[in-house]
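First chain A sits with chain B, and in the next complex the same chain sits with chain C.
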Partner chain A sequence: MQNRRRIVITALVFLLPTIVGTLIFRLIPIIWSFALSFYEWKVFDKAVFVGWKNYAHIFTSSISLDVFVNSAIFSVIYVAGSLALALVLAVVLNNGLRSSAFFRGAFFVPYITATVAIALAWRWIFSTRFGVLNNLLIALGVENPPAWLADPAWALPAVALVSIWKDVGFYMILLLAGLQTIDPTLYQAARVDGAGPIARFRKVTVPLLTRSLFFVLIIALVRSTQTFEITYALTNGGPNRASTTLAFFVYQKAFVDFEVGYAAALSYIMCVILGFLTLVSFYFRRKWVHE
Partner chain B sequence: MQKFKLTTALMLCVTASPLLAQDIVLQYMSWDPSQLEVEQSTIEAFEESHPGVIVKAQAIPSNGGYWPKLTAQAASGDLPDVMMMSSGFVQEWAQAENLLDLSSLVSDDEWTNYYEGAASVGVVNGKRVAFPQNWVAPVLFYNIDMFEAAGIEVPNADWTWDDFLKAAHALTIDENDDGRPEIFGFSLYGRYAHIEPWVFRNGGRYLNDDLSALELNEEAINALQFLTDLVNVEGVAPKPQDMEGIRQQDIFPLGMAAMWVDGSWNIANSREIVGDQFQWGIAEVPRGPDATDETVASYAWADMLAVSATSEHPELAWELIQALAGEGVEADDFLGGKVPAYIPVAESEEWLETDQLPANKGVLLDIGASTIYAGFSPGWSAWRGYAASGSGGMNGELDEVFNGRKTLDDAVTAFVEFGNDVLSRQ
Partner chain C sequence: MNNFNLARYSRKNGTLFLLYSVLAVYSLVTLAPFMWMLITSFKEPSDVFKIPPSFVPSMLFSDTPFANYATVWTERSFVSFFLNSTWVAFMASIGQVFTTSLAGYAFARLELPGKNVLFAIVLATAFVPTEVTIMPEFLMMRWIGWIDTFASLIVPSFLVGAFGTFMLREYFASLPSDYADAAYVDGASPFQIFYKVYLPLAQPALVSVFVIAFINNWNELLRPLLFLNSPEKFTVPLGLMSFVNQYEASWTLLMAGSVISTVPLILIYMLTQRYILQGFVGGGVKG
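Showing the complex of A and B:
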C-alpha cells in the first residue's frame, strides 16, 4: 500500500511541471478569455460587463459577417487548392520523376521561408503596373490586367494562392509518406488486370491514401482559419477589408482597436466553427476513409 | 559578547546601506529607438544633475509592439513613469485615468516657449495630460524641376484650389499618349495625412463638437468631392490600385508625381530617395474655397510625453519631461520634418537646415503658428482606418472611391455608419 502511494506521488511529481504549465499557459487563459468575451475592455481601462453584447454585435454587424464570408471563401480555396496540388505533386514525385529529391526540397522551401520575405516577393509579382505577372499578361495581349492586390474581387484569391504556394510542400511531404506505404504489388496486380494510369490512380492510389488525405484535410482546415501573416504582409486585409479573414480581424480588434472582449468573442466563435467543421469531417470520415 | 554585538552591528550596516541609499529609478518608454539614441546624452545629463536618480529608458517601435506592451503594463498597474503618448490615443488613455494631470506643474511662462496649437490635443477635458515634445504637419511636396519645365510658378501661400488644379493638369504628362500618364500632377490615397489637410483647410470637420459622432459638414464633403474629381474626372492623380506595389511615400521622390500631400516626417525619406536627382520644396496645403477665417485650420499634431497616474515620483518625472522636451533638446534630436515643440530650437538655423532640401522648412513653423485642428477622437484608429486597421474604415472606403468602384455618397454613408458604431462603443 505504501509502495503504491509512493508510485502515485512520484508520478505526480513528474507530471507536476506539465500540469502547472498547462494550467497556467493553456487552461486558465482559455477560461479567462471566455469570461472576457462578456466584457468591454480596452486593457488600459476598467472592464465593463456587457453580457452577450459582443456576440450580438458580431452577428448583426455587416462587417463581421463579411469577415465570416471572406473566411469561408478563403478556407474553401485554400483547403481544396492545397489538397489537390499536394496530391498531384506527391503522385508525380512518387512515380520516379527525375531529380525528385531536388524537387521535393524545392517544393518544401517556401514552407520554411520567412513569410514576410515571401509576401514581399509576391507583392512585387502582383504589382499592378510594375509586376512580373501583369507585364507578362500585357505581353500576351491582355489589355487591362487586374490590380491583383487592390481589387476586392482578386485580393482574397491572391492571398489564398500565396498561402497554398507556401504550404503545399508540407502537405505534399505528408501525402508522399502515405504513398510510400502503398504496396507496389497492388499496382502490378492492377496493371495485370488491365488498369491504365488513371484507373490505377482512382482505384488503388486514392483509396489507400484516404487516411493521409483525411489528416491533411483536417490540418489544412485548421490552418485555413488561422491565416494571418500573409494577409498582414500582402494586403493588410484590404482593399476595404476584402481580404480580411477571421484571425486577422481578431488581431485588429485585440491589438489595434484594443477591443479585447470583442476579440475574445470572435475567437470563441471561430473555435466553435472550427470544432463543428472538424466534427463534421470526422462524422463523414467513415464514408470515404478506408481503415 | 561585546565583540559579537559589534560584528552584528557592522554586518547590519553593510547589508542595510544599499537599502538606505537606494536609487530612485525612473522608467521611460519611447516608441522611437533612433530618437532614444540621440536622447541618451540628455538622459545622462539629467542623471548627473539628479544624484541618486537612474533613468531606465527603453524604446519599442510603435509598429513593433509599443502599444500592446504599454497597454499590458497599464493593465498590471506597472506603467512607466514617463511614456511617449500619441495624439490619436491620448483621449482614451486620459479617460481611463492612466495619465497624470500636469496642469498645475506647467507654468504659463513656460508655454510661451512652446507651440501650443499643435500640442492642444494633449488637453483632455480641461486637463493637460500630455506635454508636447515634437509635432508634425502634412504639407504639399512639390518638384521644382517639373514646375520649371512646365513653365509655372511653384506653390505659394496665396495659391487657391484652382491654381493647384491648373498646375496639376500642366504637370500631368502622358508621353506616349496611351491614356496612362507616366507622370501625374498629384498623388493621393485615402489615408488621413493625404485627405484631412484638404478637408480642414476648407473649413471641413468630420466630428461633432463632443467627438461622439461623425457628422460631416458640407465643407468636408466638398473637399472630398474635389479630391475624388482629381482622380476620376480630371485624371491628374493615379488610382491607388494602379500604384499597388510601390510604397505610397515613394511615388513623389521617385519622380512619378509632381506634387503630393503627406506628413512632414516624410522629408527624411524623400531626401534619401531623391538625393540630388531633382530640386523640391514644401508648401502649406492651399486654403479651400469654402473656408472662412473662423473655420480654416491646419492639420498638425504632436508626439507627446506623459506621466503615469501611478508614478511614485511625479515631480521627477515632470523634470525628466522638461529635459526631454525643453531646454535639454538639440536640433539634431529631430529628424527631417519633426518640429521641436520647444520654439527656440525649432527656430534655430540648425533645425531649419537651409543647406538641405527642402530649403524652405520654415513653412512648417508658419503652420505651427496658425490655427490647428487635429480631429482625433476615441476609436479614431478604427473609424479612420489606421495602421493594421488601415484597410477599413474611412481609409478603405475612400480608396474604393478613388479606384472608381464606389460613389462618394455611398462611401460616406458606409464609413459614417461604421464610424458611429465604433464611437458608440467607446
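Showing the complex of A and C:
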C-alpha cells in the first residue's frame, strides 16, 4: 500500500508540467477565445458584447464564404494528394531495394527543411517571367504558361502543391513504419497460394495498413486546415484573397484588421468544422480499418 | 526450364526498372528546388534575371565566391537571426523532451486515478487549431510582459507537446514490464525505474521527439511574427520575411539566407536519421 501511494505521487509529479501547460496554454485560451467570439473588439477600443452577431456576419458575408470554399478546395487537394503519393512512395520503398535508405532520406528532406526558406525558393521557381518553371514549360513548347502565384486560378493549387511536396515525406515515413510491422510470412503464404503482386498489395498490404492510413488521414486533415507559413511566404493570401484559407483569414482578421471578436468566431467555426470531420472519420473508421 | 527462368528474370528486372524510375523521378522533384536555391545563392545579381535562366552558379568562378553569403551573414544581420533561432529552438525542444517523457511514462506505466481522462484532454486540446488559441495567448503574453522576449516562444513549447506525449506513451507502453518487475524486486523506487531502466531504452523515441520539436520551433513563423518586435530579436524565418518585404528582387541574397536557414535542420536530420524511423515504429516490434 505504501508503494501504491508512492506511485500515485510520482505520477502526479511527472504529469505536473503537462497539467500546468495544458491548462495555461490550451484550456484557458480555448475558453477565452470562445468568450471573445461574442464581443466586438477592435483591440484599441472597448469590447462590446454583441451576442451571435459575429457568427451571423460570417455566414452572410461573401468574402468569408469565398474563404470557406478556398479551404475546402485546399483540404481536398492536400489530403488526397498527400495520401496517394505517400502510399505509392512507401510501398515502392518497402521492396528492400539496395538504395532505399538514400531515397527515404531524399523524400524526407523537404519535411525537415526550413519552411519559409523553401517556400521562398518555390516563389522564385514560380516567378512568372524569370521563373525556372515557366521557362522550362516554354522550352517544352507550352505557349502561355500560367502566372502561377499571380493568377487567381492557380495560386491556391500552387500553395497546396508546395504543401504536399513539403509534407509527403513525413506521411511516407509513418506508412513505412506501418508496412514494416506486417509479418513477411503473410506475403510468403499469399505467394504460395498463387497471389500475384497486385493481389498481394490489395489483400495483404492494404488491409494491414489501414490503421496507419487512418492515422495519416487524420494528421493530414488537421494539417490541411492549419496552413500558415507557406501561404504567408508564397502569396500572402493573394492575389485578392484567391489563396486565403480559413487559418490565414483568422490571422488577417485578428492581427491585420484587428477585428478580434470576428476572428475568434471564425476560429471557432473552423474548430467545429474540423471536429465534425474528425468525428465523421472516426465513425467510418469501423467500416474500413482492420484491427 | 531455361526459358522459364529467363522470363522470370526479365519480368523481375522490368519491375525493378519501374520501381527505380518512380524513385528517381520523385527524388528529382524533391531535390530540384534545393538545387535551384543553391545555384541562385551563388549567382551574380546581374545573372538572376536572364531569360532563359542560367544554371551556372557564376559567382563560384569569381574572386569572391561567397560574397552573397558574406553580405547576408554580416550586413543583413543573419548571424543574429541564426543565433536567436538556435537558442529558441534548442531550449524549446529540450523542454519538450523533458515534459513529454515524464508525461508519456506516467500515462503508460504509472497508476493514477483519472489519468485516462487527463490523457484524453491533452489529446483533444491538441486538435484545437492554433488560430483559436493564438489571440488569448498574445493577450496573455502581453499581460505577463513577455512580448519581445524569447520566453514567449520557449515556455509554451516547453510545457505542451501533445504529439510527443502521445508518441512516448505508445513507446513506453510497447516496452516489456519484466524490467520494471525485476527492478522493483531489487528495491528501486518508481522514479529510479523510470530514470535508470526505461528512459535509456526510449532513446530513439526521445531523439525523434527532440528532432521534430526542433524543426517545428525552427520553422515557427506566426508566434515570432506576433510576439517579437525588435529586429535584433528576430528568428530566421521572421528575418527572411522581413528581408523579402525590404528587398523583393534580391533573389541571390534571399536564397543565400534560405540556404543558411536550411543547413542546421539537414545536419540534425543526418546525425539522427537512424533513430527517426525506429522512434516511429516503436520499441516492441523491432527485430
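Assume the second predicted complex is superposed on the first by the 270 of 291 C-alpha atoms of A that agree within 3 Å, B and C clash if a C-alpha of one lies under 4 Å from a C-alpha of the other, contacts with A are read in each partner's own complex, and residues count from 1 in each chain.
One rule holds in what follows: contacts are C-beta pairs under 8 Å (C-beta built on N, C-alpha and C of every residue); 3 or more make two chains touch, one makes a residue touch a chain.
Treat the numbers as computed from the prediction; the structure is a model and nothing was measured.
After overlaying the two complexes on the shared chain, residue contacts for A:Y55 are found with neither chain B nor chain C.
Of the two partner chains placed by superposition, chain B and chain C are both touched by A:Y232.
By the touch criterion stated above, A:T128 is placed in contact with chain B alone, chain C being left untouched. With both structures placed on the common chain, the touch criterion links A:F215 to neither chain B nor chain C.
Within the superposed three-chain model, A:F255 lies in touch with chain B and with chain C [touch as defined at top]. Look at A:T278: by the touch rule set out above, it reaches chain C but stays clear of chain B.
Of the two partner chains, neither chain B nor chain C is touched by A:Y187.
In the superposition on chain A, the chain among chain B and chain C reaching more residues of chain A is C. Applying the stated contact rule after C-alpha superposition, one finds that A:F201 touches neither chain B nor chain C. Overlap of the chain B and chain C interfaces on chain A comprises residues 124, 129-131, 232, 251, 255.
If you check the complex, the residues on chain A that touch chain C are 4, 6-8, 10-15, 17-22, 24-30, 32-33, 36, 88-89, 92-93, 95, 97, 99, 103-118, 120-122, 124-125, 129-132, 135, 138-139, 165, 169, 173-174, 176-177, 180-181, 197, 222, 225-226, 228-229, 232-233, 246-247, 250-251, 254-255, 260, 263-264, 266-268, 270-271, 274-275, 278.
Taken in their complex, chain A has these residues touching chain B: 40, 42-46, 57, 61, 63, 123-124, 126-131, 147-152, 232, 235-244, 251-252, 255-259.
Here chain C touches chain A in the complex through residues 15-16, 19-20, 22-23, 26-27, 29-31, 33-34, 36-37, 40, 48-53, 98-100, 102-103, 105-107, 110-113, 115, 118, 121-122, 125-137, 139-140, 156, 158-160, 165, 189-191, 194, 211, 215, 218-219, 221-222, 226, 236-237, 240-241, 244, 251, 254-255, 257-259, 261-262, 265-266, 268-270, 273, 276-277, 280-281, 285, going by the rule given at the top. For chain B in complex with chain A, the touching residues are 67-68, 70-72, 74-75, 92-93, 95-98, 240-246, 379, 381-382, 386-392, 396-397, 399-400, 403, 405, 418, 421-422, 425.
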